[in-house]
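You will see chain A twice below: alongside chain B first, and alongside chain C after that.
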Partner chain A sequence: MRALWELVIGGFRRWARYRVATLTALLANSVFGLIRASLLLAAVQAAGGTVNGYTAASAATYVWVTQAMLGPVELWGSYPREVGLRIKSGDFAVDLLRPAHPLAQWWATDLGRGASQLLPRFIPMMLVGAVTTGLVLPTQPWLWLAFLCSMVLANTLCLFCWLVVNLLGLWLVDIRGFLVFFMVVFNTLSGFLVPVQWFPDWLRTLVGHTFLPSMWQTPADLATGLARGRVLEVLTTQLGWVLVLGLVVALVLRWGTRSLEVQGG
Partner chain B sequence: MAEPVVGSRPRTVLGLGDDRPVTWLAMIRVLVGSRLRSQLAYRTSLALDLFSQAFLVASEFIEIWVLLVHAPVLGGMTLSQAALVYVCSQFGFGLADLLFGELENAGDFVKQGRLETLLVRPTSLLTQLVTTDFQLRRLGRVLVGVIAYPWLLVATVDDWTAAKVGLAVIAPLGGAGIFTGLQVWAGAFTMVVVDGKQASNAVMYGGKFASGVPGGALFTPVRVFFTFVAPTLLSAWLPMAVVSGAGLPHGWPAWLGWLSPVAALVVWATGLVAWGRAIRHYTGAGG
Partner chain C sequence: MIIEAKELGRDYVLHEGSLWRRRRVVKPALDGLDLTVEAGAAVGYLGANGAGKSTTIKMLTGILTPTRGQVRTCGLDPVPRRRELARQIGVVFGQRSQLWWDLPLGESYPILSAMHRLPGRIWKPRFDTLVDELDLSGFLGTPVRQLSLGQRMRGEVAAALVHSPDLLILDEPTIGLDMLSKERLRHFLVRERTERGTTLFLTTHDLSDVQRLCERMVIIDRGRVAFDGTEAELAAVTGARRRLVVDVVADDEPVLLDLPAGAEQLPTDDASRLQVEFASPLTAAGVLAAVQAQCSVVDIALTEPTIEELVGTIYRRASISSRT
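Moving on to the complex of A and B:
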């Protein structure tokens, strides 16, 4: 436990250090946020004021909450990509020697990373949204607590999904094709580009049976109030998928390390 | 080892006699040719890369498509007009990315201390960076443009005039000019602010994103910025609005659609000045 706690702190410290990168990432998130907000608001207006449960205010809130989540929740898996590169370079062998399960090590480090982004990425982004388009946010503190839990679960799910993809490197020499493919799948189907509720009915039903909305859409629903009255239900769904994907990563890791040959020392 | 044949002229890699000076074009041919040959060696990998690029381009349109399912007209454009704008923007950007895509990584050369080795070589840094990592997979986006752009033009526009044909030809080329110019800017910027890649991304990729959507739907400050400061909207939305007869926002004249070559020249000229300053600003660590 103590080792894992140290990894959380280490992760936090490491990512809190990239100050220029944080600032410029905020700029990029703001520009994209403004473009996305323009489009969604224009669509809501053209559709006559509401689109599948979203008003102009909740569409704007959805955009800024998801832009803000890009800091703490790694939808694009750059940390699990490091694990993939460690597999390629062979440094992965060191992870196996450490006195904690590799999965727990990665999870702890990524938890620290996510926590370090709350203050410099999440909060300023929400402020930008509040100033530019305005936001409608939950007022009860327990809903914020639920939102925070949901972000942790979403981040864990993103980590596990990307770990599965990156662990393919234990069998394959080059996994770039897989990386691009899953990037597209996660971007389009998790509710990042447009809310899952806006998908055509058949696609929404299809996606609803997968873990994809739990990676991204669920915390956004808690912030916009679209999950009102179903808070426990959506959190349980997320937790269920985390357990399933956790089991999958653990199995893949076990099979992969069995076939792994470490050369020299 | 074979004895050199007396009297035959020794040949260099360039395939030219030693006594002739190497022209810039010949050098580009050799540098790019070597990259191409190495990538063509792995056919399956290349095919997969091209396919995934095309897949990426198609997937990015899903957002616009979903929006237009709910709103019949977005920013004054119908679905087919919006698709035309998107493909035109991808075409221009794809050409630029194919030619100059490596420039945005100029900061990495500074970070890893690899810039000195390039600076001591007797060729401009710009030429070297552009040819360092010429990636064939970037052709995927261009291919989508080559196929989908003429098709969408024919499907969307029915009242062709000579001027419209001209504009349809100019638009992706002007777009490529604007985006390459922005890439020179991005390279200059990341050489000075080494960790600032996300900031140049905000302009470059934000601009690319904005250029591929019906610009009439954008907030006015965003639209003004990406028309007059980082002029990516001139590359697709404005010319395609003119070609397809879509309405422009109040106060936006149609002649703006013709400005992309001029804008490309301006971005390039200022970009080269910035690039020169960035190189002079660079201080090596004696690596």
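Moving on to the complex of A and C:
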């Protein structure tokens, strides 16, 4: 446990050092947040005031909560990409020579990274949303606690999904095609671009049977109140997918390290 | 034995040819390696590029699965017990880093010691000693990515030794270092071995590392042991010739010596300086006695073959035998 804690702290300290990068990311997220909010609010207005449970206020809240989550939750997989690059360069061998499971090392580091983004990215983005469009947020503290748990589970799920993609580098020389493919899949089907509730019925049903909404839509639903009355159910579903994907990553890692060929010295 | 390898082999599979006519080619990187290293020994593991040095290290540490044969490191089967083995060995890769790149150097050690499950009362005094002996105190607060190569390598060695491993594996640890940094690192490793009995297993292309640190050399070529012994034994095996330079009281006429069989007088421009080349079993004392019997000796110097020449001879022999 002490090793995990030290790695969490190390991850926190590492990402807390990138102050300029954090500031520019915050600015970019704010601009794109305004664009997304304009589009979604226009869609709600055109539909007569509600779209599949979303009012103008909840649509705006959805946009700013998801923009804020871009800091702590790794939907785009930048840290797992580092793992992929370490596999490509052979530095992955060093991770294997440490007396801790690589998956535990990565998870703890990423947890620290996510925590480091709460203060400089999540909270300012919510303030931008509150000032520009207004937000409708939960008032009960336990719902905030559920949201926080959901965000941790979503981040873990994103990490595991991207690790599976990046671990393909143990067999393939170049995985850029897979990275682009899964970036498109995760962006569109997890509920990042538009809420999963806005998908056509057949697609919503299909996606609902996968882990994709648990990566992103679930914490947003908890923040907007769309998961009211189903809090325990959605958290349990997320946890289930985390365990399944965790097992998949561990197995892929096990197979991959057996066939590992670190070239060069 | 801290390292035991028997008939150890590893094949790499390559795919050659055009996209439509690809052939699967199996190339052995290591083939039938037999190697034992006693606890407390210092072994230089040498070979030309592609000889199989790094492949051996990867199999000894459990990050590469052998294709055939058996290997035990610290009494453990490295691949299935890799994490357990990691607590007993330290590994320094000259070209890879085990430190956290973006963190100040000093922040890597609490993480590593936690991974090794070392309580503060164990690792902190050890860390203080390493900081002192490797002179790390001046840059513990500097992010690893901003350290000079020499500073980083000292940091890497401290990271590999913070848990006081029984076996330290060094893969080209002095690559790219200047003379001062090399000397400081070698000095520390000698002291570490003397004081703690740490086993050293070293691969390098810098043979002066081997001369300073190791009493035994293992030279491999194409995955097999081409030589295993001391530097003196290497000189005997290669038939390396030593050179005796003798200053004598001489007239203008050049002196032609009557020498024992196997010794050869080399031509010189200076009649008062004689040069004689000889190889084992002749000794310098025997050759000198023969010269003294014929001339009045003023001064002598003995030139030994360099370790680079000796190892080069083994590489060349292996190369010739593989072509024939």
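Here, the second predicted complex is superposed on the first by the 261 of 265 C-alpha atoms of A that agree within 3 Å, B and C clash if a C-alpha of one lies under 4 Å from a C-alpha of the other, contacts with A are read in each partner's own complex, and residues count from 1 in each chain.
Following the convention adopted for this analysis, contacts are C-beta pairs under 8 Å (C-beta built on N, C-alpha and C of every residue); 3 or more make two chains touch, one makes a residue touch a chain.
Note that the coordinates shown come from a computational prediction; the quantities given were computed from them, not determined experimentally.
Upon superposition of the two complexes on chain A, no clash is found between chain B and chain C, which fit side by side. Of the two partner chains, chain B is the only one touched by A:Val51; chain C is not. Contacts of A:Leu27 after superposition: chain B is touched, whereas chain C is not reached. Put simply, more of the residues of chain A are touched by B, taking chain B and chain C as the two choices. Applying the stated contact rule after C-alpha superposition, one finds that A:Trp198 touches chain B and leaves chain C untouched.
Vertex at chain A: the C-alpha centres of chain B and chain C lie 90° apart in angle, rounded to steps of 10. Of the two partner chains placed around the shared chain by superposition, neither chain B nor chain C is touched by A:His209.
Applying the stated contact rule after C-alpha superposition, one finds that A:Arg254 touches neither chain B nor chain C. Shared-chain residue A:Thr188: touches chain B; no touch with chain C.
Shortest separation of chain B and chain C in the overlay equals 10 Å (C-alpha atoms, whole Å).
Residue overlap on chain A between its contacts with chain B in one complex and with chain C in the other: absent.
Note for the complex: chain A touches chain C at residues 2-3, 5-7, 10, 13-14, 17, 90-91, 93-94, 96-101, 257-262, 264-265.
The residues of chain C lying in touch with chain A in their complex are 12, 53-54, 58, 61-65, 79, 82-84, 86-87, 91, 93-98, 100, 102-103, 107, 110-112, 114-117, 143, 171-172.
On the chain B side of its complex with chain A, the touching residues are 45, 48-49, 52-53, 55-56, 59, 62-64, 66-75, 193, 195-199, 201-203, 205-206, 209-210, 213, 217-219, 221-222.
Across the complex, chain A meets chain B through its residues 18, 20-21, 23-25, 27-28, 30-32, 34-35, 37-40, 42-47, 51-52, 174, 176-177, 180-181, 183-184, 187-188, 193-194, 198-200.
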